Amino acid sequence: MLTVENTTTWLVTFTDKITQQTAYLSELDQAIGDGDHGSNMARGTTAMKAKLENTAFTSVSELFKVAAMTLISTVGGASGPLYGSAFLAMSKQAEASTEDVPAIIKAGLEGIQKRGKAERGEKTMVDVWAAALDALDTNTLTHHTIEEAVHETKHIQATKGRAAYLADRSVGHLDPGAVSTGYLFEAMLEGDIIQ
Amino acid sequence: MKKIMNQPKDVLNDMLEGFCYTHEDLVSRINDTGVICRKFVDQGKVALVSGGGSGHEPSHAGYVGQGMLSAAVCGEVFTSPTPDQILEAIKQADQGAGVLLIVKNYTGDIMNFEMAQELAEMEGISVEHIVVNDDISLEPRQKSDRRGVAGTVFVHKILGAAAENGATLSQLKNMGNDIVTHMATLGVSLLPATVPEVGKPGFDLAEDELEFGIGIHGEPGYRREQLKPSKGIAQELVSQLKSELQWEKGEHIAVLVNGLGATPLMEQFIFMNDVQSMLQEEALVVDYKKVGNYMTAIDMAGVSLTILRLADADWKTYLQHPVQTPAPF
Amino acid sequence: MKKIMNQPKDVLNDMLEGFCYTHEDLVSRINDTGVICRKFVDQGKVALVSGGGSGHEPSHAGYVGQGMLSAAVCGEVFTSPTPDQILEAIKQADQGAGVLLIVKNYTGDIMNFEMAQELAEMEGISVEHIVVNDDISLEPRQKSDRRGVAGTVFVHKILGAAAENGATLSQLKNMGNDIVTHMATLGVSLLPATVPEVGKPGFDLAEDELEFGIGIHGEPGYRREQLKPSKGIAQELVSQLKSELQWEKGEHIAVLVNGLGATPLMEQFIFMNDVQSMLQEEALVVDYKKVGNYMTAIDMAGVSLTILRLADADWKTYLQHPVQTPAPF
Amino acid sequence: MLTVENTTTWLVTFTDKITQQTAYLSELDQAIGDGDHGSNMARGTTAMKAKLENTAFTSVSELFKVAAMTLISTVGGASGPLYGSAFLAMSKQAEASTEDVPAIIKAGLEGIQKRGKAERGEKTMVDVWAAALDALDTNTLTHHTIEEAVHETKHIQATKGRAAYLADRSVGHLDPGAVSTGYLFEAMLEGDIIQ
């Protein structure tokens, strides 16, 4: 079950992971994109963390909405609207219930897909969101399953986003958005949100 | 990385401050945003708003002014601006006749501009958008995936004059889409660009190599080759553009030779000279031509060549229409 | 050397052909020479002729047109043009009211322009010349040895408007000399230029070094230092210019931030932003300002800063006077 | 004594030396100037050689004049007007007499100094012209004396021309104009003009 407290911890932990891995994420993006995924996500999550720590939320839904709006207005690029749409959809779902974590993640994934039109297997963050959802549904979300889902993007040829310009030369590289999404679910694990 | 700058993270702000100071007679910045607006607005006319990541100077803020854009939204370097800023630009630019967004075809730009459009429509503003995808570099891929590059400034110029001339939002949208179907661009890179926050070049190119079809963010092109004379580069680019545009003898066109940032005018004029003699062989009538840095890729060395078929006689008139913008056109 | 060109020895011709093609509405070339003339002449007005080695594009041919130069003489890259060509330019430009030569202070330019002046005078044309030596880089040397650099374009602009306004040859000469005494420029280089016929960079600069006071042909500056932030560069240049010009609070000035060829507008605007805040601290009134590539050094990376004390109120008016030239001003 | 024949040979030999040493001259100029002395002189002397070989001269004076005008209109830079002024003055002197070779060289040197205002010892071509004139006057012009005069410029600090910008950093480098002037006198020696 999500609470204001554990959701805050989750997203703050996510921010800290992004901050630590900013250079690495940009490096991954430089290989198959334009090299800004690290700084985009660092700018956005840092702003989000500051907002979260300075606001007293009365609901998880409200918290996700503020997180979404902050990401939308600070990340930019492709990942800004995507993470933003995810969190916005999660906010809506959390209005209905904060008990069903998989349902919230499912809403987030749908938000991303509505905005970005990517299916699973196109070498984007969708791949990790979808794998994480599967794992949540079967109660198998672990460091290992996350790592595997992230790693899996290495073998895929990109057909969405900037990496698609590389066609078959995109194979052999991790997708940066998949890696940052991996941190989101690692942070979830560490936040003791799921039993 | 050798750049004249302060903190890499301050590049956008410092640049916009210097830009707005230099051109304070023509433009101003909405505080704490990357939105640059013109000082003199055309009451009752449709407003054009463009933008995208920064690093393409003078695009897009340089083209804000009478006869061209009403506002430009400047994102971080090579990063699409965010919907809230685009929304600010739309609100500021709208004079009651609606706003046309001119968007280059990148996933990030499309998504951020679409979100802004949705938000603006929720506030009761009429907004349309067109997508510029003139880069023919990656031939085999579907047309809808093509990148938007230097040809965008032709779109700004023609639509800007048409808007000043009183065209409606839907007329401008149609005209914009029409221009895009008659336009193609192809670039060549000799040296990569360095994004300030990254601190190292976006790709490697050997001392004797060039890459055809590279994008304005350093996206991969379609072929690497041995460095060749200007004539050979012109031959390659013109023949690729020809097979895309399928022009016929006697057709009227506009030509843009665009420097990518670090390539001096000397080389651009040499290149234009070779392009010129090829177009002459093709018996094309060049009604309008430009050489210079219009859509750069930070400090990339190279040029791009844009050809626009002047399918509509008005387009030439609009291209020649005088403007009052920070960057000359 | 990575350049878009054909044979290095053909660089000048190829470039001038491309230039004249691009700007055929405004200028033309005297066959087989490096002389670029304007198409619309001011009957009965004094003609201004400038020139020098090529490699400084858009200088000087870019400033040929109504309100600025009557002709420009383009020498080989970094090499003064020859007297016979300068003579051609003088003959072509003269409209009966005499010709003023605007010469940058280099031994070669001085000698070639002086020889041309002697030849023209033998043919009965009234010719005067002024020498621009705005580069304060080498402080200890005598003032008469200083190089002519970017400030030259301010001289073109002010005298061009004055000539159009009907000033006489001797008035223009006096005004030009007056401007030069109130003007100072200083440059900084981050990367050297490569002359096409030489094929390698003109000097070496380590990856973390810059050089203050470098000339537009790569002539040595006054100090090498660790690369520093834009703010620090602005501080150095402004304080050197201050000790030369000895300005006082409230004085009116014109400012030019000039890119040296390979430095993108992004960096130039960042630099202008830092210059601006220093000039504000100095309580100077900036009546006129420009940022862009006006007097380049082929593909050198760096900028120069020119400050002109507006000692005469007319200068501001003349700077703002509209022109019709290939390169915008 | 100068004749149309031996003067033609002299200047053609000079041209050939310049053509062979173009890169070397530019290299010298790159060290203390702007790197174009080789291409300037090559462009000019090649044009001069073509003119000389395609013209039937009736006098040495006429020959020098054509050489002068060709150099003036093709070399450019500082060296164009200087060599041009030298040959123009030599043409005038040759009108009076072609017997007195030192007098002709003296006229050339004066032409250069009138145009360039340089004195001996300022690290320019003047130094070699002056040394060659001294040697001619004393009948000691040899490969050795020319080489010595050229080499001497290495130790001088430039106070004229572009090299002057380097101030004391110009010391230790040969002056490119001095080296090209050396070739002129080498060519004279080889041309059997002086006994």
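So that you can tell them apart, the chains are marked A, B, C and D in the order they are listed, and the count of residues begins at 1 in each.
In the analysis below, a contact is a pair of C-beta atoms (placed from the backbone, for glycine too) under 8 Å apart; a residue touches a chain by one contact, two chains touch by 3 or more.
The structure displayed is predicted, hence computed values, not measured ones.
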In terms of mean CA position, the chain most removed from chain D is A
Taking each chain's mean CA coordinate, chain B and chain D are separated, in whole Å, by 54
Rounded Å distance, chain A centre to chain B centre (Cα mean): 31
Centre-to-centre distance between chain C and chain B (centres being mean Cα positions), rounded to whole Å: 29
Separation of the C-alpha centres, chain A versus chain D, in whole Å, is 75
In graph terms, with chains as vertices and touches as edges, which category applies: line, ring, star, complete, or other? line
So, with touch as defined above, which chain pairs make the list? A-B, B-C, C-D
Listed in rising order, the residues of chain C that touch chain B in the complex are 2-7, 11, 14-19, 21-22, 54-55, 57-58, 62, 188, 190-191, 207, 210, 227, 229-231, 233, 257, 261-274, 276, 289-291, 293, 296, 298-299, 301-303, 328
Given the complex with chain D, which residues does chain C contribute to the contact? 9, 53, 75-85, 106-108, 111-112, 115, 138, 141, 145, 147, 195, 197-198, 202, 215, 217-220
Parts of chain D lying in touch with chain C, wherever the complex brings them together: 26, 30, 34-36, 39-40, 43, 72-82, 84, 115-116, 160-162, 164-167, 169
